[in-house]
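The structure under discussion is supplied below as structure tokens; questions concerning it will follow.
Going by the order they are written in, the chains are A, B, C and D; count residues from 1 in each one.
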Amino acid sequence: MNSFGHSFRVTVFGESHGPVVGVVLDGVPAGIELCEEDFAEDIARRSPGAEGKADGLGALGMTARKEADKPQILSGVFNGHTTGSPLAIVFENANVRPEDYAQFAATPRPGHADFVAAIKFDGNNDPRGGGHFAGRLTLPLVAAGVVAKKVLDGIKFSSQLVALGGSEDPSKWEELIAQAAKEGDSLGGVVECVIENLPIGVGEPFWDSVESMISHAIFAIPGVRGIEFGDGFKAAAMKGSEHNDPFGPDGRPAKNGAGGINGGLTNGAPVVFRVAFKPTSSVSKPQMTWNFETEAEETLTVSGRHDVCFARRCPVIVESVAALVLADLLQR
Amino acid sequence: MNSFGHSFRVTVFGESHGPVVGVVLDGVPAGIELCEEDFAEDIARRSPGAEGKADGLGALGMTARKEADKPQILSGVFNGHTTGSPLAIVFENANVRPEDYAQFAATPRPGHADFVAAIKFDGNNDPRGGGHFAGRLTLPLVAAGVVAKKVLDGIKFSSQLVALGGSEDPSKWEELIAQAAKEGDSLGGVVECVIENLPIGVGEPFWDSVESMISHAIFAIPGVRGIEFGDGFKAAAMKGSEHNDPFGPDGRPAKNGAGGINGGLTNGAPVVFRVAFKPTSSVSKPQMTWNFETEAEETLTVSGRHDVCFARRCPVIVESVAALVLADLLQR
Amino acid sequence: MNSFGHSFRVTVFGESHGPVVGVVLDGVPAGIELCEEDFAEDIARRSPGAEGKADGLGALGMTARKEADKPQILSGVFNGHTTGSPLAIVFENANVRPEDYAQFAATPRPGHADFVAAIKFDGNNDPRGGGHFAGRLTLPLVAAGVVAKKVLDGIKFSSQLVALGGSEDPSKWEELIAQAAKEGDSLGGVVECVIENLPIGVGEPFWDSVESMISHAIFAIPGVRGIEFGDGFKAAAMKGSEHNDPFGPDGRPAKNGAGGINGGLTNGAPVVFRVAFKPTSSVSKPQMTWNFETEAEETLTVSGRHDVCFARRCPVIVESVAALVLADLLQR
Amino acid sequence: MNSFGHSFRVTVFGESHGPVVGVVLDGVPAGIELCEEDFAEDIARRSPGAEGKADGLGALGMTARKEADKPQILSGVFNGHTTGSPLAIVFENANVRPEDYAQFAATPRPGHADFVAAIKFDGNNDPRGGGHFAGRLTLPLVAAGVVAKKVLDGIKFSSQLVALGGSEDPSKWEELIAQAAKEGDSLGGVVECVIENLPIGVGEPFWDSVESMISHAIFAIPGVRGIEFGDGFKAAAMKGSEHNDPFGPDGRPAKNGAGGINGGLTNGAPVVFRVAFKPTSSVSKPQMTWNFETEAEETLTVSGRHDVCFARRCPVIVESVAALVLADLLQR
């Protein structure tokens, strides 16, 4: 089912090359100022354009698909304020090239959902650009995140790329991208997100811990391979006396190995987590695939229009998704 | 809220030192053979006893708290078969020592939920042994997993410890545990879980991807710091041409960098994921904490009864939780 | 929250005088033929026009607000078939006259949600024509019902007005409406719905009985005051030997006092229920209200554009809502 | 699924002649005083004994099955207060006579769920006394209602039988019961519930209106045939000018035709609704049924132990269910 959230609920719809992608937000409190301009900054951060890119790499290696990405608010806002009714927002898909995808019905692209979607939906799924599985669906997520961050007034989100192509040194990223582009190949990356000023005790015991809810939503972003909180996988190699966060004055943790969460509840320290993104699946380098019509192996070259490293567009997406989760948890 | 699942729903209740811990399972199909003996094997794998331990370390460094862990089926079974009505199972807590925990009301234990739970519930939470936040709540999870695995007839789960105390070499684990025990310290570990024979297309697009659902449930296990699927965090350092799984004959992936999942749906390869467990929070080594009564820093020694490395008991828990998730996804 | 359903989920959005009203349907199976023409017949039954009215009264006493009510499918359909992804449908609101409603901010209309909505949403709700509380929101419900009935292939829904203005004799209805219109007053009615060919055993024990789910959804239709199944309120005055349905050959009930449902589950007989609709709240006859600005009683005349008896438009709405519920129960 | 509620969630389990019936309550706020004695009064009102009966008829025509109905709190209470963790309560079934029900496997009882449950669960359901479909499951509902009413401090619930055997005159009820008992027959009744002191604006627009939520939960009580709010079915025969509630001073409705609810939200007047209960299905008078083994019609006499009019035990059940719903809506 395409909804997430208990008290602040996000429903996404649309396909990459259909008329629109959109979102319905339910549980938005009444009285929040909201207009279409509010979305511009975060949408720019997600766009393939140079604007809004914090990693210093501009539009390097970004897809040639350009969209206006202008939000249209269809409901839930009156006189410039939210009404408490469901907020529906859509974005037109203007720059569509469905013909790019005709060949993949028979020869699914490695790393994409083409094959599994065709099996699950008996060939009725919209295959154009991944259809409902496309990265374009993260656009309404970012829009939803803008609203969630308004709901979470006073809470500070920051997120950035901390590794690209295996390197944690930003000075090397430009070269890595240029090289991969030249090879017709692609790169992955790691995004870190930090959330400050959360009250103590956010989260629900047992199933709906802060980590559970954030990871659930984060894995909805296409291309995520892992998530870790605080010391993360390194914690498994530490001793308890190293990893534990002693309590300092006022009960605030004196360090933050737990990533701001104990027993699934926020403990007053910043919530810190990292997300691993795989390299872009679409590469122009030839790959082996199976031709389901001829029942033979075949070499596939994915042209289309793609980012060399889509992880570069993901800090704002990760942050948006985290905001959706926290708006939900805080409204319970 | 303490329930998880849409069509196969698990509700847990109980406290570590209260009368029972228990679970209600809803959505169990009618007609499955089930008796109390069916739970014995997995319960032994979770217990602190030597029996059922696959890592060759026996009861080394395990807690002295021993419980019979005998399941009582309260409803949902008639004539040795499930009825289709909710299945309630409880376990008595016999070997309780609530007096071990009296001191932690004022001086919360680093790494535990004592502090955040007291804040969230205004001091009304049951603090004895972590109360509802205790690792003991994983016992009903294992019981639920036994039922889920019966529902998932033909699907094969296996899980094992792949790292302990930072070492992936099992020949070193005994020494690492002995050393940590001697120091009054604790160790973490990594559990890998592999699930075979799943049909293609399990999972839901967008929010309820296989990774989303598994990670949501896995982070409900106390002490998890990270989760990764397939190539996991390593994928972020790979090129697309390396990480992508080419399609081989019959559309089966020719390798398994994606951990058996594309676009959130199973692709026919085994689902593979790894979970990082922190070191046990309770260490007898002195730690700094804050005394909320005297409002002063204080040194705390956690005696009680604890595992040196609780991750050793977690393979069956990880596997059980995965089974719950897949029973739910497959029944949708 | 504005969603309903577990496995076939309906999310409605929009306001009476905003840009659109719409619906997102989640859980629609892939491969169902669907185009915009499929909605025409049921939309006509709901419209205030003469077309599609089964009660022989044509457009008598119907509102002067006319809308094209043309559905736009935004997602979830590809090549004329559903894809298995969320199906979003919107309808433009063209014939809006928000100025009709300016006065009701201070002097709420009796019988409407103006007052309670203003309290609940701190005055941020959209007051124009009832905003999100308007009868216009039943248009996306009818659209959703069209899809649900396609999903429920072979199951037959019929519904009709069985009482109007207190009379069960259709020959008197024309006169009753003419008289009420002349008086500037309004009338209520009762709709009966019959559902045939359901399999035995639909519904869930305990909370999600067929009656529970249908009544939940029916009371979402504005203006419902009661619902009864089978013998309904009359059953409370019968003896067990009269009300019980004896089993006849093949276990089929020999009569249908239970309305096709035992223990919350369908029993093979037609599901039969009746819904009481109040008279239209908007009447041009003067009514007392409270002026919240002057803090004085005041006489109010509701002009606007309204049906004398909106229950006449409700058979298709009742049937649509029942179809949504049954699509959900049958997909579990 | 056997759970109800969004923020105050009730999960019931158990069978009439199994070891226990029970309930898990999730979302109970921490810090509410609660002990086992708190349940005694409402449990007596539901019991078949004379104690606690407000209708003046004592134990007349009540079942001979007597149970201690003593609640055991298994979790969620510590030091006499709720902890914020799930509250589990069970009741033993002591006075079971499963042998009473052996014959109904082949010849299902008219009016009961025997037949539909056997079909739905492929014969695996527990048939003893209706199993999970039995009226005994209303005992944990009443227990849950006691907790809900504590959560709803200051809100006043009252409910009573307003019709029995078709008569609204209590002076005739004793005779009606005596006569029905003599005939081996049974009677139905109508229960009215009034809820005072609710704040304005409780309920959610669209799907989770107060009427939707109450009716959903009320139809979970075995034997309900209809529900109506305020003027109810009579509203369908009234004119708008009669049925509408004019606003009086302070915006309070000057009368209560709407039953305290506009647009699905409470309006400050008491919430008033009536519930129609069918006559007890078990009658000793001979009834026709179908023998599924011999495939022939057969005459059935239901002996067992039954109330002549189980509606007499229902005022407290109706009130409890309403309290569960309102605790949920108020906690959202």
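Simple rule for what comes next: a residue touches a chain if its C-beta (ideal position, glycine included) is under 8 Å from a C-beta of that chain, and two chains touch if they have at least 3 such contacts.
Only a predicted model underlies this, so the values are computations on that prediction, with no experimental measurement involved.
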Per mean C-alpha coordinates, the chain lying farthest from chain B is C
When A-D and A-B are ranked by contacting C-beta pairs, first place goes to A-B
Rounded to the nearest Å, the gap separating the Cα centres of chain B and chain D is 38
Whole-angstrom distance, CA centroid of chain A to CA centroid of chain D, is 46
For the pair chain A and chain B, the C-alpha centroid-to-centroid distance in angstrom is 27
The positions of chain A in contact with two or more other chains are 1-3, 6-7, 12, 84-85, 120, 132, 205
Per the touch rule above, chain A residues touching chain D in the complex are 6-7, 84-85, 205, 332
Within the complex, chain A is touched by chain B residues 1-4, 6, 12, 108, 110-113, 115-117, 119-120, 130, 132-133, 137, 163, 165-166, 180, 183, 185-190, 200-201, 204-209, 211-213, 215-220, 222, 224-233, 235-251, 253-254, 258-259, 262-267, 276-283, 285, 287-290, 292, 297, 311
Seen from chain A, its contact residues with chain C in the complex are 1-3, 7, 9, 11-15, 18-22, 24, 26-27, 30-31, 74-76, 78, 81-88, 90, 120-122, 124-126, 128, 131-132
